[in-house]
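Two complexes follow with chain A in common, the first pairing it with chain B and the second with chain C.
== the complex of A and B ==
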């Protein structure tokens, strides 16, 4: 039966009154034509474009992870254990020759896993300056690493000070270690689908909450990048002429960050609810059954032998 | 067992007798005096009470912001009312009871929720992993899950999407995948939030056909909507929300759509709107067999 509508709100169906200026058919601005001054895109535009590029890279990364290369055939758990072992070896190596051999090996594995070498090298060397730049530069100076001066920068009480040979060697060793380590990590992440990597981490005893947080962060990244792009494009569509790099631009950036945080919060809640609704309790489970194949044993054996050879070689080559 | 039989029937296209047609159907979802407010300040539900019986197809009708989506989330045990009680399948659904693993797994496997925002629901690297997510979480073996994924994608006609990334899909495709992720769990109760919103006409009709078929197969369906055109096809009963977040009326689609004043008051139609008419039986061809 139909009940009686109690205390319902008014429909508010009055037509909106349109202001007169909106009804006039004026030409809004100057006529079209490429006669004005041109400016390069702002830092904001470049950041947004960078975000869009990241999306493309990840899409490309998923394709690479699905390719039929050497590392793609190896069980993610084996790859993860090998990675940890090789990271320790790289961290303990002192000889530049050992590190160079290890780096060459990562390039060889990248090629065998159908990764474009140029892309792989670029991806690794993009991060090396970020991780090492600030730390390494002071280490090259004689005030931090005393030794034979190669480049004199100033004098202190008549003594030349500057970049030392020992400092350069220490810096080079650090850069090489970081490059090898990042290459190993990039090899793993590019040849393993994300969900299988999470499952591997979980099976090796990484706490459930940690898996939950990184899994969610990865998922939100894409939706938030899309939101950022949409917000920027919506602003661009309402900005005649060249965008300025002034206070208003900074204010827009601040407001966008705030809006994005709000959206992120709302989205995180909704995604979590969607996962909970389908029985998620913190464990990342994959459809693909992880199985230990003979290839995994060969790979693991090769990695152990390689690591042993590197350690012995490094010891023999001395420091 | 009944749920499995229903899932099989839906998957194979065999339609059993609708249980909602049976008198005195078994109460399956019961809510009494529900109140909910966001941040304890913005009310979303005020004193909401109803009972939904097994096999019913219920439409929650109301204007934007009247509390339909909030109610669906409460029905799915995702948020909990600040006052009042809600029980499903005879068991109280509270924050405390949902922490019980057995209760939680049983509840999640029996109620499926298709969100309005498909982006929130489709988050795995591939469509195949996405559809397999729910059954795997509920402890169904990988072999059975893979088999279910094949069956459900064949039924929904999305087999060609299986190895694609969800963010590469169109809005309609995402909605189909979102529905597959829920149907694959074989739930007894299906909750749809604005199912036809932002879909093109062909996908809208496809979805209405599906809801109709699932209802005929005995599934209990609750959907939030303000689309009156689809009511005759996808609902047996309507609960009408006012803009002050209360249920102000309930009845069959025929009864509700006949009350123009009510629909105007709750902001479901405009004074110039034309209301949909009940579906007519197909016309008998004249002079059959004669020239």
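== the complex of A and C ==
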């Protein structure tokens, strides 16, 4: 699945290898579950769904990365560097206009890179209202952000309190900046195969040891995910009705995580023996030497010019 | 707890990387030294497991579910440095592959979840579990509290990082540029969510997995607990072994203490109390008569091995002084050894009769 995404993707009509039911997803929320909706539901079903969602995102990403588009042709190193640069520009800009222009640019790039625009917009704008929108709503009030009151909502000891101009500006700016940042990251990750992204990280100075660990972790993530899904499906199959969230449920969680750790431990022993048998002595060499193409230079140049225009424009629009 | 891009100023993000990068380098060096070439596959599997642990839905008592980070668990099982790398890699997956947590904010996220969390959790775990044996319920409780406290402290860090934004970064009109809530608001919000739900989830993960490994996979638990006795009996035996008097050690220690204290004798002035010869007493104290008993017994025993710390012949004064010192030390050591030996024999006999009595009771 991971190795051959290109062979299954055909240009023009995509995504061919992702089943339709897998594409009916909701947005990426903070996985630690501290913010967002707290849905009631079986821990078994939720974990199985989580695993399916993970696979779906990866398969979808591989499909899009194999499509023919502008960004897919660019060297991952160039893309990564320009992503970081543009994220900093978005972070430093103060004006809503600058942020709006940047968002429009990401939409254009997404269209040029054969990304499904509806998905691209949904991914950002479903995430932003749920997470950021709710979080910043109280910030528009004078209680949080004091300033010039636009809409008076109540009076507190004779002083009007309500939505302030500064609060609105701050909330709008935060929402816009988060939207631009997410769009930029999605643009990079959806148009770059993971393996090439790793190579780009390596050439940007991330130590080889980390690249090796990340690459191997990604390789075995799916194997371990399969055993998790197996355990949970087996448990669900022998659980009639709705599973209760009691002591036994938590004991099952402990057993499944503990088993997973044991399996991973054993697997790492075996993999290490196999690596040593093939001559591994703690160092790895990569065969692929990526080269710069003229297209990369054009892209890099235009990103630099765009970033400079954004910064200057932001200054001119006033701080 | 994953901070997305846009909530923090680029300056704060840079500060996050300034803290995170050296710690990551130190963690890589430490782990590398400990497990040599095996570290790549081991850490890779751990990182994959850590990523999956974040996916597990933890059933919590209110009927809903929550996610933990799993950093406390990995710190308990394989040490905080391994947890730093595993959680960082898992966070990298989430940021680059799934868009959870920002790319610029990656450094800050690493500081909160991959550095603060495992170290706080591990410190607390060591503190609470103490020298309890490996299958003790105390270790399960310690695991829960470690996860709970670790995640809460990490949430406090997030609250502080978000809370300093409005006062540090705002425009001319006073409108905040990044996260708009001040310290009191953001810390309250973060701590409320994590004290009630997410901290519990992190604690549950650590506790139930430690409990499971105690039942089913002790070798995995022993990796980071070297030399800790497995069950209560082994702990008692270990304690008894430690408490048992070893005559050789006691004698050696007594000799060592005396050797160390020797210079005190050189610093002291005058001669030792009560060791004066009858003639010296006469000179020093001006005694006109020497007590008859003293006179009689002062010269009673003259057949010493080293008269006046020298050979009987009086030759080689320096060498003989040293020899007499060594012989003296050895004799003192031998005496202490014999006394300790006697004590151990006596106590051993006592405890073995007690054991015999106990087994007698069991049989009857």
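Simple rule for what comes next: the second predicted complex is superposed on the first by the 209 of 319 C-alpha atoms of A that agree within 3 Å, B and C clash if a C-alpha of one lies under 4 Å from a C-alpha of the other, contacts with A are read in each partner's own complex, and residues count from 1 in each chain.
To be clear about the criterion, a residue touches a chain if its C-beta (ideal position, glycine included) is under 8 Å from a C-beta of that chain, and two chains touch if they have at least 3 such contacts.
The shown structure was predicted, so the numbers you read here are calculated from the model rather than taken from an experiment.
*Asks:* First (chain B), second (chain C), both or neither: which does A:275 touch?
*Replies:* both
*Asks:* Have a look at where A:149 lands relative to chain B and chain C in the superposition and call it first, second, both or neither.
*Replies:* neither
*Asks:* Could you look at A:70 and tell me whether it touches chain B, chain C, both or neither (first, second, both, neither)?
*Replies:* neither
*Asks:* Would you check which partner chain A:94 touches, where first means chain B only, second means chain C only, and both and neither mean what they say?
*Replies:* Second partner only, chain C.
*Asks:* In the three-chain superposition, say which chain, chain B or chain C, touches more residues of chain A.
*Replies:* C
*Asks:* State whether A:194 touches chain B only (first), chain C only (second), both chains, or neither.
*Replies:* After superposition on chain A, A:194 lies in contact with both partners, chain B and chain C.
*Asks:* Of the partners chain B and chain C, which touch A:307 in the superposed model: first, second, both, neither?
*Replies:* Neither partner.
*Asks:* Applying the document's definition of touch, where does A:105 land relative to chain B and chain C: first, second, both, or neither?
*Replies:* After superposition on chain A, A:105 lies in contact with neither partner.
*Asks:* Touching chain B and also chain C: which chain A residues?
*Replies:* Shared contact residues on chain A: 194, 219, 267, 271, 275-276, 280-281.
*Asks:* Provide the residue numbers of chain A that touch chain B in the complex, in ascending order.
*Replies:* Interface residues on chain A, with respect to chain B: 1-9, 11-13, 55, 59, 62, 66, 193-195, 219, 222-223, 267, 270-271, 273-281, 283, 285-289.
*Asks:* Considering only the defined contacts, which chain B positions touch chain A in the complex?
*Replies:* 73, 76, 78-79, 101, 104-105, 108-109, 112-113, 115, 117, 119-121, 123-126, 128-129, 132-134, 136-138, 142, 145-146, 149, 163, 165, 167-168, 181-182, 185, 240, 242-244, 246, 248-251, 255-256, 259, 261-262, 264-267, 270-271
*Asks:* Where on chain A is chain C touching in the complex?
*Replies:* Per the stated touch rule, the residues are 28-35, 38-41, 43, 46-47, 50-51, 54, 57-58, 61, 83-84, 87-88, 90-92, 94, 123, 127, 131-132, 136, 139, 144-147, 165-167, 169-171, 173-174, 177-178, 180-182, 185-186, 188-189, 194, 197, 207, 209-210, 212-221, 224-225, 228, 245-246, 249-251, 253-262, 264-265, 267-269, 271-272, 275-276, 280-282, 319.
*Asks:* Using the touch definition from the top, list the residues of chain C that touch chain A in their complex.
*Replies:* Its residues touching chain A are 1-2, 4-7, 9-10, 13, 24-25, 28, 32, 36-49, 51-61, 63-70, 73, 77, 85, 89-90, 92-104, 155, 166, 171-182, 185, 190, 193-194, 197-198, 201, 204-205, 207-213, 216-217, 220.
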